[in-house]
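Residue numbering begins at 1 within each chain, and the chains themselves are lettered A, B, C and D in the order written.
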Amino acid sequence: MAAKVYFPSCCLPAQSAVLLGCKLGRRDSFLVLATMSFPFTPNRVKSFLASVAPRDTPPWCDFRPEVLGICNVSADWRVLDDESSLTAHSLCKIFNGEAWLEVELHAGSTSPSSCNIYRRDTNGHYNLRSPRTVVFAHYNQREAVTVRWLAEDSSDFTSMEEQTADVTKEPSEMALFFTALSCNEQIFLPPPCEDDLEEKQSTGSSVCLRHWQDAGPEGSIVVELGKAACRPIRRVGAWFLALVAPLFICRLWTIAPLPWIGDCLSTWLQLHHQHDRLRVVFSPPVVKVPPRLTPPRCADMICSMLLDSLLGLLLISHIYPHGHLEAATDALPVFTQAVAGHLQELLQWLMGAPAGLKLNSTLACTLGRFFLYHIHLWLSYVSMLVPYVGPVLWYGGLLATLGVSLLLSMLIDITSLLTVHVYCFYVYAARLYRLQVCGLSSLWRLFRGKKWNVLRHRVDSCQYDVDQLFLGTLLFTILLFLLPTTALFYLVFTLLRLMVIGGQVVLSRTIWLINGLPVFSLVQRLLCGYNLAGGVEFEVLTQTSKSILNVSMQIQPLSVWAVLRRFWLPSRVMVHRSPNPTQLVATILSGELVQPWYRGGSGWG
Amino acid sequence: MGAVLTGRERNYHYNCALGSTRAANRQLAWTPILGSFGTLRRGRRMEEPGATRMASCRGDPLVFSERKQHGLSIEYTLSSPGVSLSSLLCCTLAVWTVTYPVSTYAQAPALLASATVIVMLGILVYLHWIRVQHESILVISGTGVQLSTCFASGRCDTHFIEMDVVQDIVINEGIHRQAVIYYLCVLVRNNQKNGLKAILPVFLAARPRLDCLRKVYRGCQEILHTEPNISTCVMDR
Amino acid sequence: MPHSICMVSDFFHPNAGGVESHVYQLSQCLVERGHRVVVVTHAYGDRAGIRYLTNGLRVYYLPLRPMYNQATAPTLFHSLALLRCVFIREHVTVVHAHSAFSSLAHDALFHAASFGLASIFTDHSLFGFADVSSVLTNALLRASLGGATRAICVSHTGRENTALRAAMPPGRISVIPNAVDATRFTPGPPTGNPDSTCHDRAHLPRSVDRRCAGVTVVIISRLVYRKGVDLLAGVLAQLAATRSDLNFVIGGEGPKRIVLEELREQHCLHDRVTLLGALDHRQVRDVLVGGDIFLNTSLTEAFCMAIVEAASCGLQVVSTHVGGVPEVLPPDLLTLCKPTVRDLCAGVIAAADRLLAGKAPDRATTHARVRDFYDWRDVASRTEKVSNDDSSQNDN
Amino acid sequence: MARKVLYERSGLPDNHVSRNFLETLRRNVRVRKYSYWSVVYESGVVTQQLGSVCIFVLCWWLMETGTLVPSQLFTSSLALSFLGYYLYDVIDGGTGRRCSGRTRLADLKSVLIFLSFTYGLSPLLKTLTETISTDTIYAMTTFMLLGHLLFFDYGANAAIVSSGLSLNMALFASVCLASRLAGPLHTFTLITFACELFALWPLLQKKLKKQSTGCHGMLTVLFAVVVVTALAMVAPACAALAIVLLFLLSFLIPLWLVKLQLYKDNIHGPWDEAEIKDDLSGVLH
């Protein structure tokens, strides 16, 4: 197996220098983090390495930076310390690492001509490792350091705890590579005291490193400010949360009817959802591993809440000044009248000969009158409601500042309030239809001289005596001829009910979308793709020497779909999978009630 | 008495020979006119010195090229003949000839416009997601196996599998539509639980024959299973 | 001259049954004799593609959808392309189709004729002539066997039946019986082989275990009408009433199981009649060894494998005088009775008395005799002879 | 000559055809000998059932055209039923009643149920199929009556026979026809008449047939005559058709059946599935 050396491409073309980096796991693979050019003194180097050693490394791998070896450019050795003529080979004794790299380069060339790896055996001698073949991977250090490693198949690596639990299994090499880089960030930061580069070199007192950020720390002021500001914001948020929390946690809500009502009102559900989000955002971070490796949960939540309230404000700014709200409150009674009118026409049509169907006129009339009376009841109920709608809408509108999703959930509640009568009609018709269908199926079994054996759940033949047969047949004929009428009423009201549910599903689907969209990671993926690494891509470069394979390693950004799938925020408004059509049709035909499947909690599925 | 070779198999030699010559000289330097949405990182090589002509299991001509880097990495690429510009043009012409009389008769010019747009989009989707130009497998000793599929529009999506997860590269037999074919597949081990996690078939679009697969198999096995021998020459002289 | 034989049937492993084990054992023995054998069947669930069994026996699970109890649709051409591909790849010289119920076998016979390959058909079941389904099946058989140059039947009765059904000259039908894997069906204590835990000693139902108390009658068959389960119910009722020392163990599953359960409830025979349910092929031996008499009440049997397995385990066999049963075992090992309740009861009682009086033949000698009667290698050699004259006759 | 056994190697090749090949073949083992006149006598049952269906449809037709007043039909059918009820007990001197255990009180209860329910539901039944077009009703009735004739229990133990289904079909047809009549009273009388004709009369008919052969023959002739005369009254063309049908049914078809016995050719051998002759229902009551 060829040994592997990951060499930062920004350190090429190199001068002769010492390679600082670390070993990756138990395999022959070395990660070079930075190169320190001569002159230097060994103990100076050791003290520097001790100062930049990462404090919180994951227990399952030791990523402390060490001197891996030296890289000399066409044999121009310059050693600082004159008194002991230190040759390249003797250095390894001083640093006494497990393995020692020697990379030969021609001046100005970007790919090494030879690379020998020496391995320390038990009694301290360094033997050349064979096969001498080495895979030299040039990696772009800028991308690799700032990247968040989320490879698809490393899903078993998402949470660090899971990884540490199983120490025996070596995590994948790429995971090691990126963890090592993120743990050793300290090495890339300039030493706090010296700020001037030339002065450092002349005095030789300090260390001169070459890595991707040797020209000075890169970072935008905004990020710095954000980091500085986040502690006080978190304190204020926590205080505010303490104020609001009792509203949700108090046991008042667990008294009998309230949880059921709570479950029906999507606004209450949405409020709970916002409360959960705030609690997560303002709670102190639990995970101790470097933040880069944990998914950007808080950032996403904050952004999605901001987006939500932004949309809400936009909507309000459009509605309130232009008086649309007042127009809406006036339009409501007119709208309900129109709806009532349409319903009455529909019922009249049903009581006649709808679509030429031959319904039992007496039954059709009785049902029609029953439902007409209900419409009358509903009209009076609405007229009672009208005075309260105005203020409710106005104050409700203000809630939109908390988020347009809250407004949408209020809309859902209002529609369900306004269409109570459709719901009632549907339930009556469904119960009647179900009664008739069950009666018919058992009488049909009687008609064929069979009986449902409840014990063995199967149909057995059975001997009926004459009057049972007679009675069964009479009832069977009656129910059979009445079935079309009830079926038609049932069908019409089911369609109405499905239309209402359809509308509410569309609204709740948008709420779910707004709640769940991981805005921050999406933007991050679109703007600087390489931050979210989904995989690695190797390409073989033109070869210069026999024993070294120069390979360039690029980082593949995660696909947009994968970003959405991994970072989708959980939302309490859990939209169940809408039932597949056959299941829906079967429920409708059998007369069972179609439960609305957009609500969280008890809904469908 | 062996079975009688009937149907397409009998004139296999005939149309394969003819097919390959025609494809070779008709291969334009096809740079995607419509531009590509994906990242165009590497221009694919057209006719390489190491390329030989092979046949897919259905007899279509394929160009097979091998690139070996001194025992450390090996890359096999199978390219099928490019999308000829003429075929795309005649497809759009066909659509136009159909929709033009209909739109004039129905006095709805929008029909013709929409048909053109649909055809364009269709070609774009065809080039970008459906028509595979090159398929390659790159094995780097000690690092891993990389499968890449490049489409006619130049978009390449690669999948890199680390070496410690790669269990083996084998040739397997399988039933594909109405025929039994050989295919090369990479066995991916599940590094958590033992046992096989996935079987990734290679060269899905090209589906080369057994002779080509044998070559690729031998090459990959060489790289995969080179035995590490620790020499004992001492460094300190 | 080594042939390249292609066994075609809808019924093969993982489906369990007589035809399946016949095809598997025959293929193994033919491979042993140096032939190249390939089995073609339809896909069972996600078990599709090409699989390898012991000794490099290659099995093609073609992705064809089964239509009715494991038989694919009898449309001729949906399997043509795949079968042709298999014939060409494997350089098949002889196509050997099994079982009249398998429509894939009929298709293969057609295609073999169109490709000019020698084809053999093995019939495993008897068929009547009276009802509608048998009329249709016989017509289909007559059509598909038109091309087949040779046929094999498992018993003389079977040969007569196939000759009549397929209107085939009897000279082209040879009689080659099934065989039993004697190494597995041996007398002696139940071994409780390691992988089927349910059959080490502790799990055996009490009635099978209680050897000394009385005589245990074992019945192992699919509980369907053709296996005479109604007849069995009548026999059980009468025997349980007349003889108190008889216990019954019934293995196998099927739609008619309810008949036996109702019988057990009505006559409160819970302790004397045990229903074991579906038995894995490996567990059959342990159940057989646990009993003394094997009762077979089936209404029609071409070659009853169950009684041969029972005899190989050393049990006395009582069976109905139907189909090919009389040809299977010599009279001293087999008590034949007419398919009526009274006759069967008399048979069982006679066998039980013989056992209790100690005059029953010794188990080891019975096993030895049955082992010589039937052996898969002998079946393979006779099948090979049929293939030889089949292909030679086909060349000239 | 080789013994047909498998456990011995006869040394002959496997495909050797010995002389005793197919010696166990039997042809036409279970063929029943039919005598012409007994078949004619048996076909009487079918004629009688056909006759009762015609009588029912005729009564409906008469009620429809108003020539028959509901009360007349009701009283006459009631009288006939009582007569039949009385006859039913007299014929076998009460043995039938003792074994079936049905007391007179139970009979009365079921009669009361018949009458009360029919009377109660007849207005509903009347308006039940008001909106359904007449020809659909006629089509359904004809199908139901044909089904009734098909499934009726003529005494043959075939799989197709299901007395319950045939009675239900007849009742369904009668309800459909009844809904076409003028008033609820008509509906009531027609449905009661249907019950008597299709539910009660077959019981008496079977008993009579078992008791005395002559009575059965006489009844068949009576039914044939009644049907023909009634049809002649209503529609002479139908009467002619009825005569031909009845003649065909009772004389020509039996002749044809006897003739066909000659071409019967079924094969029996050891390979046939054994039938279970024992009566196993005793075991699994």
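Following the convention adopted for this analysis, a contact is a pair of C-beta atoms (placed from the backbone, for glycine too) under 8 Å apart; a residue touches a chain by one contact, two chains touch by 3 or more.
It should be emphasised that the depicted structure is a prediction, and the values quoted were computed from it without experimental measurement.
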Touching chain A and chain C alike: which chains?
-> B, D
Higher number of C-beta pairs in contact (C-D or B-C) found for C-D
Centroid distance [mean C-alpha coordinates] between chain D and chain C, Å = 45
Length of the line joining the C-alpha centres of chain B and chain C, rounded to whole Å | 50
Where the CA atoms of chain A average out and where those of chain B average out, how many Å apart are those spots?
-> 34
Approximately how many whole Å separate the CA-defined centres of chain B and chain D?
-> 75
Residues of chain A that touch two or more other chains: which are they?
-> none
Got the chain C residues that touch at least 2 other chains?
-> none
Draw the chains as points, connect those that touch, then say whether the picture is a line, ring, star, complete or other.
-> ring
Can you identify all of the chain pairs that touch?
-> A-B, A-D, B-C, C-D
Chain B - residues contacting chain A, complex = 41-42, 67, 69-73, 75, 138, 140-144, 146, 158-165, 191-192, 226, 228-236
Residues on chain D engaged by chain A in the complex (per definition of touch) = 109-110, 113-114, 117-118, 121, 124-125, 127-133, 162, 164-165, 167-168, 171-172, 175-176, 195, 199-200
Using the touch rule from the top, collect the residues of chain C that touch chain B in their complex.
-> 48-50, 60, 62-63, 81-82, 84-89, 91-93, 115-117, 394-395
Residues on chain A engaged by chain D in the complex (per definition of touch) | 353, 358-362, 446-449, 463-467, 469-474, 476-478, 481-482
Flag every residue of chain B that touches chain C in the complex, lowest number first.
-> 1-5, 9, 173-175, 178-180
